[in-house]
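Every chain is named by a letter (A, B and C) in the order it is written, and numbering of its residues begins at 1.
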Amino acid sequence: MIVAKNITKSFSRLKALDEMSVTFSKGECIALLGPNGCGKTTLIKTILGMVVPDSGTIEFDHEPIAGQWLYRNRIGYMPQIGRYPENMTIANVFEMMKDIRKGSCKQLDEDLMESFELKALMHKKMHTLSGGTRQKVSACLSFLFNPDVLILDEPTAGLDPVSSEKLKEKIIMQKEKGKLILITSHVLSELDDLVTEVFYMQDGKRVFSKKILELKEETGEERLSKAVAKMMVLSNEQKHDKSYTF
Amino acid sequence: MKKVLYTLVMVCLVALCAKGKTIRVGKLKPFKSIQAAIDFSVNGDTILVDPGLYKEKNIIIQKSVTLKGIGFPVLDGDKKYAIISVKAKNVLIEGFKLQRTGRSEIRDLGAIMIYDSYKVSAINNILDDTNFGIYVQNSKKCTIKDNSITAYGKNELQSGNGIHCWRSDSLIIIGNKIKGHRDGLYFEFVKNSLIWRNVSTKNVRYGIHFMFSNRNTYIGNIFESNEAGVAVMYSKNIHMYNNHFLNNWGDAAYGILLKDITDSEISGNYFTKNTVGLHMEGCSRINLYKNTFNNNGWAVKIQASCDGNDFTGSNFVGNTFDIGTNGSLVLNTFTGNYWDKYEGYDLGRDGIGDVPYHPVSMYSMIIDSNPAALMLFRSLIVSLLDKTEKILPGVTPESLRDDKPVMKRIPL
Amino acid sequence: MKKIYKYVLLDIIQNKIVLIYTFLLLVISFSVFTLESNSAKGLLSLLNIILIIVPLICIIFSTIYIYNSSEFIELLVGQPVKRKSIWLSLFGGLASSLSLAFFVGVGIPILLYHADSTGIMMIAMGLFLTVIFVSIAMFAAGIIRDKAKGIGLSILLWLYFSLIFDAMVLFLLFQFQDYPLERVMVFFSFLNPIDLGRIQILLQMDISALMGYTGAIFREFFGNSLGIMISFAGLFVWVLFPLLLSLKKFKKKDL
């Protein structure tokens, strides 16, 4: 569904993405993993068109996205830090988004709004909200229009455990509907029940990408965090092995 | 006693005889032509002319007669001739319409030509499409009054002057309306004359133009919308009171240009909406007081060649620049005028500002030497320069200032 | 496009600064007309407001507003919206609200006290300068990421157009004093919208100085209807040029 070919993006001297090629298909739920500053967010933003790559192409449903905007009708995006016009109320923001995305979906999905009990806060201005509430707003917005693709950048960061659990449930429900879901997170334990695949990157490059089942088989670990850690050790050893063989 | 009575009667009789007879000219009258009537007349006769069109080439008057038109008979010069030439004293020409004079490269041709005469009057005539209107040469004590003189000049070369006086003395020129000539009024070597209540407009060159004409007085005349305004030169003892100089626009147009005028008085005049209201060069000892300068580009331009001129009690209102000058030497004084741009204060409450006013702005000097700087007119940089210059004069002449600027507009 | 424009406009109109700006202009205009003895002198004071204060407020307010809208822009860029419409809506919202503020604050007093060709020209030029300086602000905010530097650049640009450019022209005039520079000056005036606006207003107002004497070429060029049309076209270019440059930049901007 989303195919990126040889994406390169540098910010001054830093190479955020280095010849990155990747394919994400329908029905997958992918965990984008990697250390801080490895280019996860940049990758997400290039897919969304918020960052324009220096070279390479991205296709969404076989259509290149450069200069396009309509494909974003089918994406729900939850940013890492939601930034909203300060003197709008929550209600304003929702109205505006509904207004802008009018026609992109027939059935609005307001489940999260109800489970987060946002309705009671509707009249509050954005700049009075706590970080967690903002995250809730971001989450609600990303699910609101029933998009085919969900891109969630650190979705649970800043959420209380209860809300975090509610969000996870929601994500699982969406996954079951066969949507493509991209999640980045530092807290690997949270992803255990969610993801079907792991995509690990470092310094703007892919280190490995594997189906979660394969990963667990290869490493013999049940928990994702441990499996990933072991995988890292393995891949590092491989590198060393190669260097020694020469 | 008897002798006195006898003398009195004799004087009366002589006076009656001097009045002479009346000769009528007209289609149904004894004389069909004016020239014939004049030839028939003797000194002191009156010739009355009926309405009608008379084409008589140049009528020459060499006797002291009175020539009067009834209902403005038309004398037509057929675009070839002068219309009336006077070569005698005590002639009066009144109530004619004189039209279509000739034009000549060699001679000046006009509607009424007065040569070497004394006490000739031209009163209440209508002159239309004339080359020269009324032409006075070598004459004395002539009166030109209430004539309406119109021409349709297109350029300076092909048109003559409305009232043209040369080498004459003690003329009285009153209430004429002059339009469309080269110069409305033109004097050269004319002395001791009075020019009063004339209106000179839309002339191809100057409203009034004089040179070498001393001791003349100009009162209550209006000079409006002339191509080059008014220019007067090389004269002494000029008196100008209550004249209006209006609407003279253009890059060489002046409300009035004074060149080498000395020992004169200019008072109570109005200079309104001219590119330059009053331009002075080489002028000395002129008293300028109680004049009004309104809405001119430059109210006064005074060249450094002027000295001893004195501006007092005048109003300067709505002018783009109050005073312009071209050098740092200032030999003229400005005292007790009202300047609408004055920003000083009057703590003493005596109606006189406590700090001097400098009427020359730096920008006006820049423009004077560098006309293209006009592009920056009223820009921030220019107002900043002007403000700094006011505080620390460097370019503008420090001594050109009014030490006693009046706070309120002077009622004139 | 329309929708985003609507939200920007609603947001700016609620902004207190625009209201204060409108009110301030209104107070200045009315006091200028009621305190000055003749309304021509009042117009002259307003000229300085139009040529100096209006551009300054417009450029600084717009720059700050654009930087403060970064959240809004960021939110929208991830949505199915053309980048072009986001940027142009911002421009449209700023330009129309500030123009409205100018029209209420200066235009209406002028129409009440001095509704002649001079007044109309002043209103037209004020509106033009408002829009042009919003456009220049878009340019400044478009090419610089950092807010403080961006505001610095916009102040510098204002200073350039209202003072430095004219100072340079003056300098040139003195350097090349011996050459006939009138025609060159006509060209130069097109390089600065403030100069262009000022000349147009002055041609209506200060005809005394401009009509005769040195202004012959200015009058010849700017005084007839063709000249006025060319100057208006020049002002249009000044609206479009910075805006399109910034739009080009914005289309490639990373958020």
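We take it that a contact is a pair of C-beta atoms (placed from the backbone, for glycine too) under 8 Å apart; a residue touches a chain by one contact, two chains touch by 3 or more.
Just so we're clear, the structure is a prediction, and the values are computed from it rather than from any experiment.
Chemist: Counting C-beta pairs in contact, which chain pair ranks first?
Modeler: Top-ranked chain pair by contacting C-beta pairs: B-C.
Chemist: Which chain's centre, taken as the mean of its Cα atoms, is farthest from the centre of chain C?
Modeler: Farthest from chain C by mean C-alpha position: B.
Chemist: Most central chain by CA mean?
Modeler: Smallest centre-to-centre distance to the global C-alpha mean: chain C.
Chemist: For chain A and chain C, let me know how many angstrom lie between their CA-based centres, rounded off.
Modeler: Averaging C-alpha atoms per chain gives centres 44 Å apart.
Chemist: What is the distance in Å between the mean C-alpha positions of chain B and chain C?
Modeler: Centre separation, chain B to chain C: 49 Å.
Chemist: What's the distance between the Cα centroids of chain A and chain B, rounded to whole Å?
Modeler: Taking the mean C-alpha position of each chain, the two centres sit 93 Å apart.
Chemist: What parts of chain C, by residue number, touch at least two of the other chains?
Modeler: none
Chemist: Quick check: what residues of chain A touch more than one other chain, meaning two or more?
Modeler: Expected reply: no residues.
Chemist: List, in ascending order, every residue of chain B touching at least 2 other chains.
Modeler: None at all.
Chemist: Where on chain A is chain C touching in the complex?
Modeler: Going by the criterion above, the answer is residues 11, 45, 48-52, 67, 69-73, 75, 77, 79, 83-88, 96-97, 99-101, 104.
Chemist: Please name which positions on chain C make contact with chain A in the complex.
Modeler: Going by the criterion above, the answer is residues 3-4, 7, 11, 14, 68-72, 74-83, 251-255.
Chemist: So in the complex, which bits of chain B are touching chain C?
Modeler: 249-251, 253, 273-276, 295-298, 318-321, 340, 366-367, 369-384
Chemist: State the interface residues of chain C toward chain B in the complex, per the touch definition above.
Modeler: 38, 40-41, 44, 47-48, 51-52, 162-163, 166-167, 169-170, 173-174, 177, 180-182, 184-186, 188-189, 194-195, 198-199, 202, 206-216, 218
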